[in-house]
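Listed next: structures, encoded as structure tokens.
Shared between the two complexes below is subunit A, which pairs with subunit B and subunit C, respectively.
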Partner chain A sequence: MNPAKPNRPDKEKNISVPMKKGASIAMLVILLALLALNNFGIQRFPKPDFESKYVVPATQAPMPRSIILEYLDVVVLLASISLVTWFVLKKRSRMGVFGVTVFSILYFGFYREGCICAVGSLQNVVLGLFHPEYHIPLTAIAFFIIPLLFALFYGRTFCAGVCPLGAIQDVFAIKPMKLNEWVQSLLGLVPYIYLGLAVLYAATGTDFIICRYDPFVGFFRVNAPFFMFVIGVLFLLVGVFIARPYCRFFCPYGVLLNLVSRVSKKHLSITPTVCIDCRLCENSCPFGAINKPLGHKSPESRNVTVKRLILFTILIPLFMLLGGFGGSMIHGNLANVNPKVRLASELLLPDNQLTSLQQVDVTTFRSSGQAVDKLNEEVASIRRQFYWGGWILGGFVGLVIGLTLARLAIPRYRKGYWPSKGECLSCGRCLEYCPVKPDMNDAQLNALKKSAAQ
Partner chain B sequence: MENQDKFNRRDFLHKSLRTGIGLSLVGVAAFLARKTNAGNYVWQLDPSKCVQCGRCATNCVLTPSAVKCIHVYDMCGYCDLCGGYLRPETKEFNTAAESQLCPTSAIKRKFVEEPFFEYTIDEKLCIGCGKCVKGCNAFGNGSLQLQAQHKICVNCNECSIARACPAEAWSRVPLSEAYQLRGFENPKKG
Partner chain C sequence: MNEISSHKENEGAPGEKLLQRIAMIAGVFSFVVCILMVANYIQLKKADPTNMQVITALVDRLNQNPGDTVLREQIRTLDLLARKAYFTSQWQVRMGGYLLLAGLAVMLIALQWIRLRRKINPQLSEEQDLNIFVVQKKARILILSGGGLLLFLSLLFGFLTNRELRQKTSDATKIAAVQSDSTGVQTRPVDSLAASVQGSGEDTTSAVASNTTTLMAGVAEKTAFSQAGSAEAGQPLPASEIYPTFRGPNGNGIAVQKNIPLDWDGPSGKNILWKTATPLPGNSSPVIWGDKIFLTGASETRREVYCLDKNTGKILWTATVPKIPGASSQVPKASKETGFAAPTAAVNAQGIYAVFANGDLIALDHNGKQLWVESIGFPNNHYGHASSPMIYNNMLIIQFDQHTSAKIFAVNTSNGKTIWSANRPVKASWSSPILVPNGASKEVIAAAEPYVAGYDVKTGAELWKLEAITGEVGPSAAYANGIVFTVNDYSKLAAIKLGNPPVQLWESDEYLSDIPSPVATDKYLFVVTSYGVVACYDAQNGTKFWEKELNNSVFSSPVIAESKVYLVDRTGITHIFKVDKEYVSLGEPKLGEPVSCTPAFANGRIFIRGEKNLYCIGK
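Up next, the complex of A and B:
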């Protein structure tokens, strides 16, 4: 026996079986029986020795896109986000932002086909935090962290024109409508729920729902399932009247940017220096992100304020408890998205009740020789994760609802027209409306104020 | 100006929040960065686990799927009676469409010398259904194997075939093992 080829005895045994019996019918029956098992890779017929000059072709195994190009994406992201920041904060130029918008639709959208994107990278980060065996790509970390760091210092300049999902909607915002404050706040709760679900499903290693239900990636790939294509078209059509519906009322990454941007160091301001209350910019924001001045209409007594404070300190924990309880009640439904949980429940069904797709799952599992007990153990642990995940998700949603109500109920004193730092997407549309120029002196400002009052 | 608001409570709050958020973001990034390996990971399926259920053809985000049948010629027996090429119930062994197993006629059959035939796969036509792979595994050497073709695969964040795979054959593999073909060595970098 040749020691250099340890596989040899195995191989010979495999070959010798068909050789002895030839191509008889009996053999075919056995082969078909083997088909049910996984009989992958049996060298039944030796590779021929060709007498002619035939050369065996090389197996085609082309390598993927080089890693350098992946890092190039990060460089492009950094460059374009810096450019937008510069256009918004220094140049105060909407045209510049629009230019970057078009570029990012072309580059991150149609060239990179919407992947990798910062919105989805949030799931990689969560999966990386909860699953030590997952190796998160460096690009995913960079795409997650860079827009957030920029938002921390300069506001949501990533949303303005770098995010391909936002960019494609931005060019469709042709006839934006004003939304009622209550409607806007209520719809604004959806992203928090979406974020909670995305984190829950990523943390349990179930699915990346943000990527699965990304409405625009199908356009970028010019290749979408019909259902997602319809959703994408709907978003764009609605986006004509309600500007950027996905960004404002769905985007889970926008939630993080929103929260971080609220404490941003240098945020876009409509006026370069002072606000003269001319109201010219009042309707310029398609996203309803300009805070109007609010005076004390009737200064509230201390009594009312204290009562309200007590009400909300009771209401918010109550909402959280209720939400958590609700979340834990539906944890079974939430867990059913997990393929393993589904497989376990399919295994309990009688064979005649299975659909043909489920049949494939069940027969594959049975023929793989894995123990049902082990699967059930795993499923029980996944269900437990979903139970506690449901509590946390529900509590989180309750907290957000409570805080939103509190924000709507408590009147605040505001002076001048300033962008709402959380909701402002830094698109720069409002900048052109402001009559104040940075180099104006006091006399010119006063004249402007007077003409504005008229 | 500076004398007027020496110490603003709101500014202080924002500044501390900013520092806190900034530090935690960098912390998370650093924690994760320690875990990344050099080089990227790509999605690939392990042909030894594959059961050729056909979901690679239907569940890929691309149409046709990025999964293709790849022929490892070194393993091929060059059989006349190819289990991956001909339908099992075929009466006449010719290259007519009705005797071919492949739904898109992506396998081309060429005479080499008596009694050997070469089978090549037209990747443009292949939809990754795995019918030929099943046939080759059952009656032949298993030289036809399903693989994600990395020139086509967009390497999604989360592979939608991986989620639908009943055999758990899909996983993220390091770039150096981009192809999990049996009887084939991945090209070495360098």
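Up next, the complex of A and C:
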């Protein structure tokens, strides 16, 4: 008992309890009645009375997707990626991977209309990191992390047949051609630049460019702007001859998977046991992701090679500086993607040079009564962000170029045919080319080796 | 060898033929669907149910005969059919998309299945080992080249576009400065204009919108006016102290000055502060810069510019146009109504610029010292040159429409050199150019037969043109809230909504003018006929609100100040009425002298040029 409070008489207690209860019920009734006011609110503006006896349909608002269904997406992702991993690592079945590929096209592609996808979730994560006020959905985090976790342990099994973007390209890979290694090295830089741009635009809250320029989402939704449709068709047509061009030379999420997958312990291997150098799998990978044996003696002395490596390593900061400077130079152009920056520019254009959409923007802004100076202040701030963003983006690209050059300066020696852990999409095409079986004994292996040598 | 070769020999697996046939049928099916979809798409693009020629023609017929119920029903039936056809085609395209996807999916799955079942024979190259050193070398060269190219392109792009961006940023800063400077000289007139418009019951939202537009467009003006002030008194001049061109700033018939008198009487001298006889006659109107008023006068042989003290009416100086080398000595066949000094002079900080009927153009500084003199050419028309020039920063813009080689051009007010010139394949006209906002800049609007055209004020590039009026165009255009109004007698009154492209909003042929120019606000348009009728229209849709017979002919153009229209008829009576949808007269003071000129305004004063005298009216 609190000595500071005097005890109330029992009578008073007895009266006050029912009163409290009654007040609570009354309050509840009033609150419920207040909710009913919404109905009157809807009827505040009478519906027009059509002479033609036209019946106005009831107003319908699209319901948000149920949270259970969102979690179901995560479960399906988890199940699909596990299944592919099992098919690749345990069953060594390309057919199984292909089955999951078709399922992914149907579920993540046509049913979920390409959204949510792990590739785009990267931007949600970046936006969430740079804008704490942004509430990042748990499903987005799950879609971002699960493929990376699997890649960390088992390689890019997500790319094999779960990613709808990869899956749709995979079925179009009918006559894949082999690209030169050096061309692949050069084109391999593009995803890093795209990743840098996607991070920059997401971090500044400008746009989700990966989603905006997703070439396949138009197919999945059976509805695409002409430009998007053309880009999608071009990717698929190119994909008939150059397998999965988007995955290999554009996908920014693939950069992360590539890096993580390099350290994967239980990555797919072409042979279940030992490589007998039979070369049967040599041309089986349409993505050029099989590392071949390298036994050439370097035509250069060790001194020259070491000096080159040191030179490229020293040059990395310079590349970063140059890249940063180049990025800062185009920060204004990069910033023009931002809607506010674009609006400020449109406000300066003569009316007759505005497109109809721009005219709508300008008219809306002018009609809103918002101050131009406030907009310009915001635009100046956004441009500053892009200035530093340009430095960071350029520096990042310089770093990637520097590291790639340094890597290419190191002489390589390898034995046997093994998948490149970073590049390999774990599609399992190569598996059935290997004549080695898991249950072969030494004699059988020796016979195979002899046969291969012949 | 056996086991390895057995791996290669796995072609023609059972069921492959079936899969091949499925793939082929699905492929052909997809192709046919694709062709049908393309045909349907083209048909869909062509068939716009809201813009069908047949229906439009029938609607026109119905408009002529609104009571024809059979025709009305026919239109409805046709419209319904057109819409049904359109939406059916849309449904077909949508369904076609699904069928195409299904066909492609079946084909691709079948093809992939074949590939899965049939192993491709490994193609073993002769060179077993990959020469990694060659590959690495080539890759290094390519990456270095690619990186270098990327850097070069970004630097090049940055250098090429940074200037433009800096300009944009600078413009944006200026705009912000204009907006935030609530006590600045330039914001006052604009605010006062907005206030006056709002005071008359105009829609606040549109007023704010037009205010914003004007503010943005006023960036260049601000500079000009600041320069003006520094040239004369070392301090910026408020816009209310400036009345630089015919029909006010921008030539639009809107005055920003306040406290304009409503009552005066010329014969008794009531509220007449002073009157000064003009040495030579002229139908040009006065222009004002600070404490100085400028006026022109001319006879067949002599052309003069006068500078008067605004407060006393004393002629401070007179400048005579000298004989210009190379100029024609012909005398234009100017009628008495037009005269030899019909164009109103223009003034800026650097000086005053006057053009005369024979094409003589003179520039004088504010003290009457000749800056430069040019001849724009002897006009090939039948009244002489009568179009008043327009001022934009350091540009003097002259509309020189004549029977041959018509053009509009801008000269540098400092030296008379041509800055830009645009040919105009139009007939002779006597209207004057006006300036209207265009984004952060302005455009010049010039009216003549056959079209009204807009020109970029900085480059003279023709931005648009629209066939609107015909005949010998005398009235200048009016502008408000994104709409240009143009009129000519025996032709029509047309409202053109500026945009990309400009479109004619409405037209009317009831009250047309051959001399007075119209004037407009966001809501109202006032058209004055030379035979003395004022008509007020809804600026947005052309609905006529009222008409008023003045009983006297009118040559002068109406000007709006403080939500009132000031219109002087030829007998010298000024009809003052409210900017409203009803005619509300606020006064009809007399000058006691015939008037053909348009008045000019200063705070608390109105300046009217009569046949012989210039009057300063105020309290």
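A few comments on the model shown:
We take it that the second predicted complex is superposed on the first by the 372 of 454 C-alpha atoms of A that agree within 3 Å, B and C clash if a C-alpha of one lies under 4 Å from a C-alpha of the other, contacts with A are read in each partner's own complex, and residues count from 1 in each chain.
In the analysis below, a residue touches a chain if its C-beta (ideal position, glycine included) is under 8 Å from a C-beta of that chain, and two chains touch if they have at least 3 such contacts.
Note that the structure is predicted; figures quoted are calculated from it, not measured.
In the superposition on chain A, contact of A:C275 is made with neither subunit B nor subunit C. When the shared chain is aligned, subunit C comes close enough to touch A:R412, but subunit B does not. Once chain A of one complex is fitted onto chain A of the other, the partner contacts of A:C211 are limited to subunit B, with no touch recorded for subunit C. When the two complexes are overlaid on their common chain A, residue A:G120 makes contact with subunit B while staying clear of subunit C.
In the superposition on chain A, A:V74 makes contact with neither subunit B nor subunit C. Looking at the shared chain after the overlay, A:L445 reaches neither subunit B nor subunit C. Judged by the touch definition given at the top, the superposed model places A:V233 against neither subunit B nor subunit C. Shared contact residues of subunit A with subunit B and subunit C: 367. Considering their complex, residues 1-4, 7, 94, 97-98, 101, 105, 108-109, 111-112, 115-116, 119-120, 122-125, 128-133, 135-136, 138-140, 142-144, 146-147, 150-151, 154-155, 157-159, 161-162, 165, 168-169, 171-173, 175-177, 179-180, 205, 208-209, 212-213, 215-216, 437-441, 443, 454, 456, 463-464, 482, 498-502 of subunit C touch subunit A.
By the touch criterion given at the top, residues 14, 17-18, 21-22, 25-26, 28-29, 31-33, 35-37, 39-42, 47-51, 53, 55, 61-63, 70-79, 112-113, 116, 118, 120, 123, 134, 137-142, 147, 149-151, 153-158, 160, 163-164, 166-167, 172, 175, 178-179, 181-184, 186-187 of subunit B touch subunit A in their complex.
Interface residues of subunit A facing subunit B in the complex, by the touch rule stated above, are 31-32, 34-35, 38-48, 50-52, 54, 56-65, 67, 70, 113, 115-116, 120-121, 123-125, 128-129, 132, 134-141, 144-145, 148-149, 152-153, 207-208, 211-212, 217, 221, 223, 260, 263-265, 339, 360-361, 364-365, 367-368. Interface residues of subunit A facing subunit C in the complex, by the touch rule stated above, are 94-95, 98, 102, 105, 110, 171-172, 174, 180-183, 185-186, 189, 219, 222, 278-284, 292-296, 298-300, 319, 322-323, 325-330, 332-333, 344-345, 347-356, 359, 363, 366-367, 369, 371-373, 376-377, 379-380, 383, 394, 397-398, 401, 404-405, 408-409, 411-412, 432-433, 435, 447-448, 451-452, 454.
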